[in-house]
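Going by the order they are written in, the chains are A, B, C, D and E; count residues from 1 in each one.
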Amino acid sequence: MKPDADSAITRDGKALILAYDHGLEHGPVDFEPVPSTTDPAEVFELATHDAVSAIAVQKGVAEAQYPSYEDDVALLAKLNGTSNLWMGEPDSAVNWSVDYAAELGADAIGFTLYGGSNNEVEMAEEFRDAQEAARRHDMGVVMWSYPRGQGLKNDTSAGTIAYAARQALELGADIAKVKYPGSKEAMEWAVQSAADTKVVMSGGSKTDDLAFLGTVESAIDAGAKGLAVGRNVFQRENPTQILDALERVIYDEESAESALEATR
Amino acid sequence: MKPDADSAITRDGKALILAYDHGLEHGPVDFEPVPSTTDPAEVFELATHDAVSAIAVQKGVAEAQYPSYEDDVALLAKLNGTSNLWMGEPDSAVNWSVDYAAELGADAIGFTLYGGSNNEVEMAEEFRDAQEAARRHDMGVVMWSYPRGQGLKNDTSAGTIAYAARQALELGADIAKVKYPGSKEAMEWAVQSAADTKVVMSGGSKTDDLAFLGTVESAIDAGAKGLAVGRNVFQRENPTQILDALERVIYDEESAESALEATR
Amino acid sequence: MKPDADSAITRDGKALILAYDHGLEHGPVDFEPVPSTTDPAEVFELATHDAVSAIAVQKGVAEAQYPSYEDDVALLAKLNGTSNLWMGEPDSAVNWSVDYAAELGADAIGFTLYGGSNNEVEMAEEFRDAQEAARRHDMGVVMWSYPRGQGLKNDTSAGTIAYAARQALELGADIAKVKYPGSKEAMEWAVQSAADTKVVMSGGSKTDDLAFLGTVESAIDAGAKGLAVGRNVFQRENPTQILDALERVIYDEESAESALEATR
Amino acid sequence: MKPDADSAITRDGKALILAYDHGLEHGPVDFEPVPSTTDPAEVFELATHDAVSAIAVQKGVAEAQYPSYEDDVALLAKLNGTSNLWMGEPDSAVNWSVDYAAELGADAIGFTLYGGSNNEVEMAEEFRDAQEAARRHDMGVVMWSYPRGQGLKNDTSAGTIAYAARQALELGADIAKVKYPGSKEAMEWAVQSAADTKVVMSGGSKTDDLAFLGTVESAIDAGAKGLAVGRNVFQRENPTQILDALERVIYDEESAESALEATR
Amino acid sequence: MKPDADSAITRDGKALILAYDHGLEHGPVDFEPVPSTTDPAEVFELATHDAVSAIAVQKGVAEAQYPSYEDDVALLAKLNGTSNLWMGEPDSAVNWSVDYAAELGADAIGFTLYGGSNNEVEMAEEFRDAQEAARRHDMGVVMWSYPRGQGLKNDTSAGTIAYAARQALELGADIAKVKYPGSKEAMEWAVQSAADTKVVMSGGSKTDDLAFLGTVESAIDAGAKGLAVGRNVFQRENPTQILDALERVIYDEESAESALEATR
């Protein structure tokens, strides 16, 4: 973790990362609720919303869209990822070199680590190379810190999420993206464990407005610095409305109810 | 996907790729229907047909033939491939470096990804290196996106082919070569999933003229930008005739029946 | 082992290394006895104690804290490490390149070798690269020499610890960090086996003051040159007091009882 | 396959390669029929015979002998090879870098590919590196194309040998060394499948003069461009005599019987 | 094998290599017969004996001792080695780069190959890199050629040792260190199989003076060029005496009995 290294993808030290790599990770089926989101241009448009501090995409999507949006959107290059067509001990291909991400104008890199996987050691070494290359390019580093695999029964327990946040700190991430561990207290432990590394909550699968915003509010209360979200935005009929509400909860620290009311 | 990166192997944004790596992938047995096609020179001659926007071959064939055809044929360097002498989880050797392909004058690279294979992660990382090297040489990138392997029962279902097309986009291919998913609707889903990445249909094993052309017509109707074909051309007694017909179906968007009639 | 290569992390040829990579190796649970130690800044403050000759941390913690402490603390860059979220034959990811450690101002590198693991060969080769890079940067080399894994029943027997110390010498470490083998005589064997490579005792899990200091005294009597300690310092309510006592036992070669009395 | 790349190891487009890597592949037991052939100098002397267009040896033998023979013998650097002390899925170590082979004055490289082995993919990628390095040094490329391993029951069937010859072409070899597939017709198929890549027959284990020469005659009749032979030369009491006869069969296309009579 | 490449570690073409890597390979237990030999300085002193043409040690021992002995002792850098703490298919870590060995002033490199191991292919490729790097530095190359592992029942049979010696030649070693195959005749076969590569006998575990010297005499009679010995020297109470005797047997080709008598 390097102070201020993430400034290009944060706003007043907070972050709302619009994640859009579901086409690779889950397949086009994730776009069925709102078929127009199959088109990356539609989601880049969304990312121009003031609430969004960065968009996270894979290389091919960035190549196609980023040249048209580089003045309006901060690019978080999601370096690794894989399909769910295969089943096995969790792993992720590094699909993008940091040098090429920098050449395309990326502001930061994103990298998944499956702590607890039999592939943890290899993934951590790939992360090392990416993190140090990002430092050479003055790019921030976000870790998707997702314990998963061999022997991990409950991957959102308080201890597991605190551990995940700590791994992000110790290995050199500026921002740790972790799942919500179920309570504000558990999130506080994760935030403390990450120390100077910022913690952002992972949005997860789509839930209703209040439940979703309430979880975000709880995370912010616990000291989290924001959210990385995909489906809970782009699978809604009115994604702008939820972004408006998220802006209030994250940056203005309004309550979920108040934010929801104000943006209805 | 990078706009216009594939211009050297397309014609008016459409593509008819003559694929000729069957000697490696299947063995000389594929040349038995028309033995003279064992000789690469014969197939390079075919590739001079106006309908053909590029020929896809392995390195050794390109070394032997391309110097004689570089003014008349666009070269798509098929970088990986393997024999069918071994059986195992799908994989493919990278037989050709991009730098050497560029030195021989290749206009684009072709690369197979077996999504869903236990080797997907490794293949995706090999693709990364190849794709970024192609960018440095201003060469287009075509992905043979073929889900195959562990746990994949039906590799031409609509969802699988749409996923395959999406992988090509997200990982950075300019053109996705996918199998025909059985219907125009399914092909439309694949085309939409690929967004700005062009989709071309894979020709597959030899079928009769009308059935074959009808499938191509359906793919074009669905928004596909063309065809990559081998056996359905070179295993015919009169390959020029089918190329004439394909030219009408692909570039002029004629119906299969009309094209067939006009070229008989 | 290269004479004087470790001078930046020793004091009069002795060493008290404050180890603080437990957040990665064991998780935040190790900070529960004294929750404020979750914050790396708190432990870096401790490291400014005169008794401490170096602090050993992972990359991310060094990035965040070392710029504020570089005039007061010597940095031992712990290059490899892994979580205990996975279970398998012992292994450790190399999380930090030596070049980057040097850039951050590290004075020496630390590296775990699990001799006896099925991964020993690979780990030894990673150590080779790290050790030689450290030589190029005039940095000292500390090996956490911890026999562990396949077939090793008792990893603190006299023979195993002497072997561990010898591995550190033969492979090129300046300091060998080994577990206490249970007796002064066994520690003497380890010290002799290491020859010119200094041996420091590993602190292990927390024990009571006298028992802990008594073991340190025994190790020093046996010729060990110090201690690498984490939990036995930062899990105490009054870590400064135990550091005061350790200073007397290690550098002044006082007895445990006398040191304890003087610092109460 | 690159036109004329093999000119330094052929004579009038034909080749008689004296192979002498049996000490590595089979052990010294292959020298027992004529013990003096244990000494590489003896076999290099043989290689000065006019019939021999190149000698194929491993690195250590070349280092010791080639400086004395570089004016009289063409050197084919056999890059990979392994002992038969281990048993397992066929594989071969790359024992020699192309750069070092070039430095020693090698005229071409030789490389074994075990098509059909579980190691085919890895071996093909090693071949890629070697083949492209050979191109940079203007050295010819010979592939020992030997389908072997998992699931291959009869590795000299017509289809397998034709496939082996085709692999050599597609992967970029100038000369394919294949086993005799049992008949002139089968050899013709192999020769056609290799197209512009020259096919040479592998000599195999020692047989009697007429049977051996008859097979060579049949291969030449089928369009093969020569022979790579070891034991059928150096295990004979009078190796010069068989070389005299081979010269007639290969370069002058005499019949086996006539050549045998003329050289008795 | 390159003529004269080993001149810095031989004397009149003969060699007595004092091997001292037992602390890594077997552990400190090998020093128990004469505990003072735990200290590398003691063994380097021994190596100044006129009979010793080189000392073979691992990197860490060389770093500590060689600067004090570089005028009196030739350094044979034993590049690979591993502990016996793990059990598995024979393998050995490369602990030392050739470049760094050269920087320390090494005169030659030593490398173990376990022919017949499932790791033979990988070890041979590591040897290739080391051997070619040694050539760039004009350093000699010694192979510890030790068939071992999967399926090798009797690793000192005449055929196995002759094969081991041959592997050393073909792969490019200047000196092959092999085990004594049980008889003078078997050793002759090994010596002939190695051709211009010198063969030295491996000393093995400690035996009585006459038995040991008798075996050396037999090896020398068979054409071996010397001995690589550790325990049979440093585990004796009077190692200088046995070195005096070895000098007579190896360099003066005296009989074991006469040499023993003269040095008593």
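The criterion applied here is as follows: a contact is a pair of C-beta atoms (placed from the backbone, for glycine too) under 8 Å apart; a residue touches a chain by one contact, two chains touch by 3 or more.
All values reported here derive from a predicted model rather than from experimental measurement.
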Shared interface partners, meaning chains that touch chain A and chain C: none
Topological distance between chain A and chain D, in contact steps: 2
Rotation in the CA alignment of chain A with chain B, degrees, nearest 5: 70
Separation of mean Cα positions, chain D and chain B [Å, integer]: 35
Chain B and chain C: spacing of chain centres that average the CA atoms, whole Å: 57
In chain D, residues with contacts to at least two other chains: none
Going from chain C towards chain E, every chain in order around the ring: C, E, D, B, A
Footprint of chain C on chain A - complex, ascending: 1-3, 115-118, 120-122, 124-125, 127-128, 131-132, 135, 147, 149-152, 159-160, 162-163, 166-173, 189, 192-193, 195-197
Of chain B, residues touching chain D in the complex: 21, 23-24, 27-29, 31, 35, 38-41, 57-61, 63-64, 81-83, 85-88, 91-97, 100
